[in-house]
Amino acid sequence: ACGNSGSSKKVKVTILQGKVESNKQFKQIAKEYEKTHSNVDIEITSIGGGTQYNPVLKTRISSGNSPTIFSLAGPADAKQFKAYTADLSKTKAAKNALPGTVSAVSTNGKTYGLPFNVEGYGFVYNKDVFKKAGIDPTSLTSYDKLEAAVKKIDSQKDKLGIKGVFALPGKESWILSDHLMSLYLGQEFNGNAQKLYNSKSIKFNNNADMKQMIDLQKQYSVQPVMQMDYAGQVNQNFSQGKAAMIQQGDWIYPTIESVDSKFAKNNVGMIPIPVKGEEGKLPVGTSLYWAVNKKKTTAEQKAATDFLDWLYTSKAGKKDVVNTLHFVPAYKGYEGMKMPDALTQVVYEYSKDNKTIGWAFPGYTGTSWDPDVAQPNLQKYLSGKQSWDKTVENLKDGWKKQQSNVSN
Amino acid sequence: MKNRSLSFWLFLTPTLIALALVVFIPMLEGLFYSFTDWDGLSFTKVVGFQNYATLLQDKAFVNAFWFTVAFVIVTVIMLNVIGLGLALLVTQKFKGSNFLRTVFFMPNMIGGLILGFIWQFIFTQGFSALGTTLHLGWLNNWLTNEVTGFWGLVIVTVWQMSGYIMIIYIAYLQNIPNEVIEAAKIDGASAWQRFTKITFPMIAPAFTVCMFLTLSNGFKIYDQNLSLTNGGPYNSTQMLAMDIVNTAYNSSNFSLAEAKAIIFFIIVAAISLLQVFYNRKREVDL
Amino acid sequence: MVELNLEHVYKKYKGNKDYSVSDFDLHVDDGEFIVFVGPSGCGKSTTLRMIAGLEDISKGDYKMGDRVMNNVAPKDRDIAMVFQNYALYPHMTVFDNMAFGLNIRKNDKEDTKKRVEEAARILGLTDYLQRKPAALSGGQRQRVALGRAIVRDAELFLLDEPLSNLDAKLRVQMRTEIAQLHQRLGRNFIYVTHDQIEAMTMADRIVIMNKGRIQQVGTPAELYNMPVNKFVAGFIGSPSTNFFDVRLENGYITNDDGLRVAVAEGQLKTLVEKGYDGRNLTFGIRPEDIHAEEIALQTYPDAIIEAEVEVSELLGANSMLYSKLGKTDFIAEVNSRDYHEPGDRLKMALEMTKAHYFDKDTEETII
Amino acid sequence: MVELNLEHVYKKYKGNKDYSVSDFDLHVDDGEFIVFVGPSGCGKSTTLRMIAGLEDISKGDYKMGDRVMNNVAPKDRDIAMVFQNYALYPHMTVFDNMAFGLNIRKNDKEDTKKRVEEAARILGLTDYLQRKPAALSGGQRQRVALGRAIVRDAELFLLDEPLSNLDAKLRVQMRTEIAQLHQRLGRNFIYVTHDQIEAMTMADRIVIMNKGRIQQVGTPAELYNMPVNKFVAGFIGSPSTNFFDVRLENGYITNDDGLRVAVAEGQLKTLVEKGYDGRNLTFGIRPEDIHAEEIALQTYPDAIIEAEVEVSELLGANSMLYSKLGKTDFIAEVNSRDYHEPGDRLKMALEMTKAHYFDKDTEETII
Amino acid sequence: MKIKSKKMIGILGLIIGILWLFPFYMIVANSFKTPKGIFASVLALPAPATGENYANSFKALNFIGSLTNSLIITICSVLLIILCSSMAAYALQRNKSKLSSGLLLLFISAMLIPFQSVMIPMTANFGSAHMLNMYGLMFMYLGFNCSLSIFLYQGTLSSIPIAMDEAAEMEGASRWQIYYKIILPMLSPMTVTVAILNIIAIWNDYLLPSLVLPQIQYTIPLQMFNFFGEYTKQWHLALAGITLSIIPVIIFYLFAQKWIIKGVTDGAVK
C-alpha cells in the first residue's frame, strides 16, 4: 500500500503509546516503514508506568499538540477520548481482527481501536518441578484436581527446592481484582467487557469459587503474601525456581528470560486456571488498542491507518509483529508462523483452537470502582482484615453506586 | 528600597510573571473547572458545588486526610530535629565532616521510583533478616499493614528529606557571625546553651523555612507514597496527593480532583501560613 | 590567687606569612591591672584573644598559676571580655545582653536584675534596657559591650578598647568606674587602649608592643621616663617625642640644621663613657620639655634653638607649635599665653636634663 | 559652590517615643570643615545619616544651595562617607573595598589603582591590600573605611568618628592627612568625633549637640572661651570645667564649703547689672585655670581656696589633682614639678578673670 | 578533652553515615549484578560482578545526548532561578511594607499548590503558545521553583546588614549594582544551597518534562523510564543508569560544598 502521492511534502505521523517495553522495537519498525514509504515521517513517543500515560496524552491534546495515533486501554478510555477517535471499522486491519478482540472498543458497529495484540494468562508453571513431583500439569482441569496436586507438591517442598507452591503477590492487587475476578465475574457477561462496563449492577454468583481459589493460592504461597510484589513473584521466586506456579500471563516471559534465559526456554509452561464451567479455556484478551486521531487532517489520518494496516496485514509487518514485537497476533492471516516463546505459543494455540474466554476486566479497570473498591476490599480479605461475605457485599454495592452516579 | 521605586518592581517582575503564568493562572482555571464536570479535556456543564459536596462524603479522601495529617505531624518533628542535628554535627570541625555532608545529602540525588524499590527490599528482606537474627518480631512483615506502612513511609521520608533540611540549616548556620558565638563562649555558655540561646534564635528564619517546607512537602508527598506502598495495602496508606491523582487519572474524575486539590490547598495554606506568621514574628532583623 | 603566665607565646594566623604575635613573654601578678598599648595592628587584640582561648596559640604556653590553659575551652576560663567590635547578641535586648553571662551561670534572677540595672545606671543605659542593639547609637552599643563585662564577677577581665567610641566626659567617668571595679573585685584586668591618658592613669603596668613583640613592660612612669628604645619614647606621650639626628662633639650635640646645644652634665658623662663621643646618635626631647617663655630662655642659655613655627594649635591652656628646624619637623608644647603666629621665627629652650639619647643603629636607649 | 542648609530638621526613629534629633538648624558655607561633638547618643550619627539620605527626615528640609534634597537618592548626592561601624564589604579585598566607589563611577582603572595605592600608603595599609576585612585588626579595618572615603573626590565628606580605633601617633598623622585632603579638595567636610583635640584642631566651626538639639555653633575658640551654657562649658575641654554652687554677695562668691573668692572686676559689674547680686548662681572654672605654684598664690591673693587632694595623676608635664572642697569635687591641672600627695591639704589660686557664671535655673551663661 | 570529644563526634557521624549509606550500597552493588543475581539476594555483594549493565544502560539511555539535554536544562533553569529569585527576595526583604509582606505571602502560598492541579491547564496554555520545549520548561521551572528560592534567600538577607547597602549607596552604586556587586556575592553560601536544591529537583524531575519535552530533548530520567514497563522493570539497567546519572550531581555537590563551608560574612562589618 502506498500513501497518497502527489504532494511532495512529507506526512508526519506522531504516535503516542503506553507500552514502553516495546519502545525500541516500535522505533525500529517505524524506521523500516519509512524506508519503503518515503513520504511518511513517523515519530514515536512511549510513555509508561500506568498513571503516567494518561496525563501526557491529555496535555498533548489540550495543548494542541495531539498525536496522530495513540493507544487506548479499554472502554473507559475509548469513552473519554470519544471526541478524538476516528472510526476504524473500514480498515483492513479491523476487518482482519479476530472475533471479539475489538468488541471492547466498538459501539454501534463502529470500531474505535485496533488491538495491539492478544495476551493470555493462567497458571505459569515450572516444568521441572512438576516433572519431579510427578504431576502432569495438563491434567489439572478442575479445582479439585488442582487442589490435590498443590497438596502433593507442597508435601515435597524441600525435595523440590521450592519455598511455596504458589507465589501470590499481595501488593499487586490487580492480580486478584483484574485477572482472577474477571474469570468469575466475567461469566455473567460472557467475558464481554463492554457489557460489564454498561451494566448497572453485578450479581457475582460465582464468588464462592473465587474465594476457594484465592484461599488456595494464599495458603500455599511463599510467605508473607502481603509483602510480595510483581518482582517478588516473577523475578525472585518463580524465575529462580522457588515457586512451582504463579498466576500470571505471557507477558512475563521477557522478565523470566532476562533473569535466566535457559530456564525460560526449557522450563516454563502455562495452563488455564480451572474455573467451573470454563474448564480448559484460556482467558485471552487485549490490553491496548490503537486509536487514530479524528481531529487530524485526512491525509494524516490516512497515513496513520495505512501504517497500522501495513503493520498487521502486510507480509513484512506480520513478521515484525511476531518476531520483533513478540506479539501474539490479534489478527487473522498469521497461520503457520511460529511464536517466539513458549508462553506466547500457548496463547496463540489456545486462540487458534478457539479455546478461549474473553477478558471482562477492561470493563472496570478504567473506572474508579477498581482502585477504590475492588482492590482494597480484596486486599483486606487477603490480609485477613475482612470476611469474604463483607467483601462481596462491598464489591456489589460499590459497583451499583458508581454506575448510578455515572448515569449516562 | 521604597515600594514606589521602579527598581522594586523591576526586581520582582521576572518572578511575578513566571509565577502568574505557571502557577496562579492555571490555578484559577483549575478553580473554575472544579465547578464543572471537566474531564481533563473539556466540560459540558457547570455543576456548582456538587464536586465539593461529593468529596465531603468521599471516605477515601477523609481517610487520606487523617493519614496525611498524622504523617505530617510525625515527619515535621523528626525531619527538623534530625535535619538540624545533622547540620550541627557536620558543621563541627572534625575529620570527615565534609564527607558526611555528602553522605547525608545523597538520598536526595535519586528520584522517587528507585527509592521505593530499594527500600522495599530493605523493609521486606533486610528487616526480616535482622528480625530473625535478633529475635525481634516487630521487624517482620513490614509494609503489610497500615502501621508498618505508615512508619515505612516515615522512615523513607526522613532518610531522604533530612539531608535536604540539613542543607538549609547549614546555610543559615554559616551566616551567624563568629564573633557572637565567641562572645557567648566568653560568657561561659556551654555548647548546648550556645545552641539554644544564640544559635537557634539566630537561625530562626531557617526554622521558619524548614517548618514550612517539611509541612508543605509532607502534605504534598506523592513519589515516595507511590513507589513504596502505592497506597496499599487496601488503600490504607494513601495520602492526599495520591488520592487526588488517583481521582483524576484512575477514575478520570478531573473536576472532582480539582475540587479536592482546592480544598487541600486551602487546608495546607491555612496551616503553613499560620506557622510562617507565628515564626516570623519571633525573628529579628540584625 | 591567680597569676597569669604567658611563656614565649607565638601566633600566626592561617594564610599569613608573618607571626602576628612573637615571643610574647609576660608574668601578671594577682590583681594587677595591665594595659596593652601599641600601634594599630601590633597584636594586642590577638594576644587578648589567645588569653581568652578564642585563638589557638601557635607556640608557647599560657598558664594560670601553674596550670597550662592552652587547651581549656573559653567557657571554662571564667573570663569577662569586651570585644573591640562589641559582638553584641543582635536578637537580645540590652538587658538580656548584659544578663546573659549571669543567666548562663544560673545566677539568682533577682541578683542579676539588680546587677544589670546597676550597671545600666552607671553606663547611662537605663532608658535603653528594652531596646535591641540595632536601635542604639555607636557609643551606646559600646557601653552595652562594657556592661556585659562589668556585671560579671569573673576571674579575669579582658577589655579591648572599651571606651573608644565615648565622649571625653563619659570616658573619664567610665575610667573611674572600671578602676573602682578593679579595686573592688581585686581581679586581674588586661586592658587595651589607644588613649594614652587611659593607659597612664589606669595601669599598674603597661605592656607596649610593636609588630607583635613586646617592647617594654613597666609602670607608666618608667615608660615615660625611661623608655628602653626609640620606639617606646616615640610612642608614649602625645604629641610624641621629637627626634633629631645629631653628632656628639665636645659636650655639644650638633647637626646641619643649626642645632647646637650643650648636653646635660650627668648625661654627657655617661655618653662619653659608653663611647659615643664624636659619633652620630639620635637625640629625643618631648614637646612639653621645649619652652618658649622668656624665663626658660634665661634658665637654659646653652640649650637654645631658633625654629620656624609652621602651625600653631590652641589646646586650651597650652598651644602646640608645629615647627621646623632646618629639615627636621618637631612639636613644642608651650603656654598659650605667649601667642605665636605661623611663620614666626622663634627661640626655644630645650630642657636638656629631660632629654634622651638613642643609638642610631639599634635604636636602643643610651640614656 | 555648595552650601548646605539644614532647616529645622527633626528625626524620630520608628518605635521610639522621643525625637533623636530636634530642630536642627545649620548653615554650612562652601568648603567649611564642620565638626559635630556631643555626648554619646546625642544624635550626631543620625544627623549625618539624614544628610547622607540614609534616614528619612521626619520634619524640616535639607538643602544644597537652594535645592531641597530630602527626596534625592543617596547615590545621587555624591557623598563620601566613613561609617561609625565601618560597613566594609566582607567579600572584597581591601583594595576592592577602596576601589569600589571609583569603579562604580567608571573611573579609569589605572587612575583608580594609583589612587587606592596612594591612599593605602597614607593609611599604612599597603601590605594588606589583598586581605579581606575579616583578617584585619580593628584599627586596620577603620583605616580601610577611611580609605574608602579619601580615594573619592566627592561633593561632601561625612566622617563619623573615623579615627576612634587608632593609636595616638597614627591619629595625629591621619588628622593631618584629612586636613590636607580638605584643603586640596575644598569640599565640605562634616566630621563627628569624641576627641576634643581633633575637634579643636580640625574644625572651622564646631556644632555641639546634646539630646538631639544644637547647643552652640562656633569656632573652637568661641566654644572654649564663650560657652553659651553650662553644658557647653562642661563638655568642651578635658578634664571638664569645675562647677561650684555659689552665692554672690558684696563682690565675693561664697558657699558653705568654705569657698570665698572675689569676683573679677569687669565680671562683677555685669553680674550686678544683670541683677544677680545676692542670688545663687553657678560658678565655673577650668582645671587649667587653677594654680598651685607659689607665684600664682601671690598673684591672686583674694581668690584662694584650700582643698584636699584625693588623687594625683601624673600626665607628663602636668598633673591632675582630683580634689575636694567641702562636698564639691573638682580637678586642678597643675605643673608636675610641684609634687602633691593624695591627702595633702593645699592652697590653690583661681584665675578669676577666666571664670564663667551660669544662671542656676536656665543654666545659660551669664558671663 | 577537646580532642576526645571531637573523636566521639566523628565516630557518631561515622555510624550514622554508614546507616545512611546502606541504600546506596544496594544501588551500586545491584547495578553490578545480573538480573538473576539481583533477585537471588538483593542484599549480597555482586558475585560475579559485571559491568555489562553500565554499557547497556549507557546505550539505552542515549547517555551522551540525554546528559547534554539534562545539563542544558538544569544549568539554564538554575541560573535563571538564582538570578530572578535573589533579586525578588532582595526587593522584598529590604522593603518593609504591607505590600511586600503581601507579595511574599503570595510567593509562599504558591509553594502549597499541588502540582497536579495546575498541570493540565498550565501545559495547555503553554502548548497554545508553542512553548512546549526546553525553553518553556526553563520558564516553568522558574515559576515552580522561585518561591522556595525566594523564601530561602529572604531569610538570609536579614543577616546581611543594611549598612552594606548604605555604604554602597553612598559610593554611588545603583540598586542593580548594589544587588549585583554587594548583595549577590554575600549571598553566595545561600546561593550554593539554592543551586543544590534546585539542581536536585530539576535533574530528577520526571513528570513535568514528560509533559513538556519533545522526544529529541529528553532528559536522563525520561529515558530512564524506558526501563520501567507496565510489568517488566529492568532493575539491572535502571540501577546502573541511576548510578551514572547521579555522578554529575555528586561531582557538583562536592565542588559546591567548598563554597558552603567558606562562610563569607564572618564578622567583617565592624
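Each chain carries a letter (A, B, C, D and E) given by its place in the written order, and its residues are counted from 1.
Criterion: a contact is a pair of C-beta atoms (placed from the backbone, for glycine too) under 8 Å apart; a residue touches a chain by one contact, two chains touch by 3 or more.
Bear in mind that the values here come from a model prediction, so they are computed numbers and not experimental data.
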Enter the minimum step count from subunit A to subunit D; a value of 1 means the two chains touch.
2
Smallest number of contact steps required from subunit A to reach subunit E
1
Whose C-alpha centre lies nearest the centre of all protein C-alpha atoms?
E
Winner on contact count, chain pair B-E
Using Cα averages as centroids, what's the distance between subunit B and subunit C in whole Å?
59
Subunit A to subunit B: how many Å between their CA centres?
37
Centroid distance [mean C-alpha coordinates] between subunit C and subunit A, Å
93
Nearest whole angstrom, what separates the Cα centre of subunit D from the Cα centre of subunit E?
57
Any chance you could list the residues of subunit B touching two or more other chains?
40, 117, 177, 179, 202, 245, 248, 284-286
Quick check on subunit C: which residues sit in contact with 2+ other chains?
73, 85, 87
Quick check on subunit A: which residues sit in contact with 2+ other chains?
55, 58, 62, 231
What residues on subunit E touch subunit D, complex-wise?
161, 163-164, 166-174, 177, 181-182, 185-186, 188, 264-270
Quick check: in the complex, which residue numbers of subunit B touch subunit C?
177, 179-180, 182-190, 193, 197-198, 201-202, 204, 284-286
Quick check on the complex: what are the subunit A residues that touch subunit E?
18-21, 23-24, 43-50, 52, 55-56, 58-60, 62-65, 230-231, 235-236, 239-240, 251-252, 254-255, 258-260
Once bound in the complex, which stretches of subunit C touch subunit B?
52-54, 73-76, 78-81, 83, 85, 87-92, 100-101, 104-105, 132, 134, 148, 152
Across the complex, what residues on subunit D touch subunit C?
13, 15-16, 37-41, 44-46, 84-85, 124, 135-140, 142-143, 160-161, 164-172, 194-197, 200-201, 220-221, 224, 234-235, 237-240, 286, 288-289, 313-318, 333
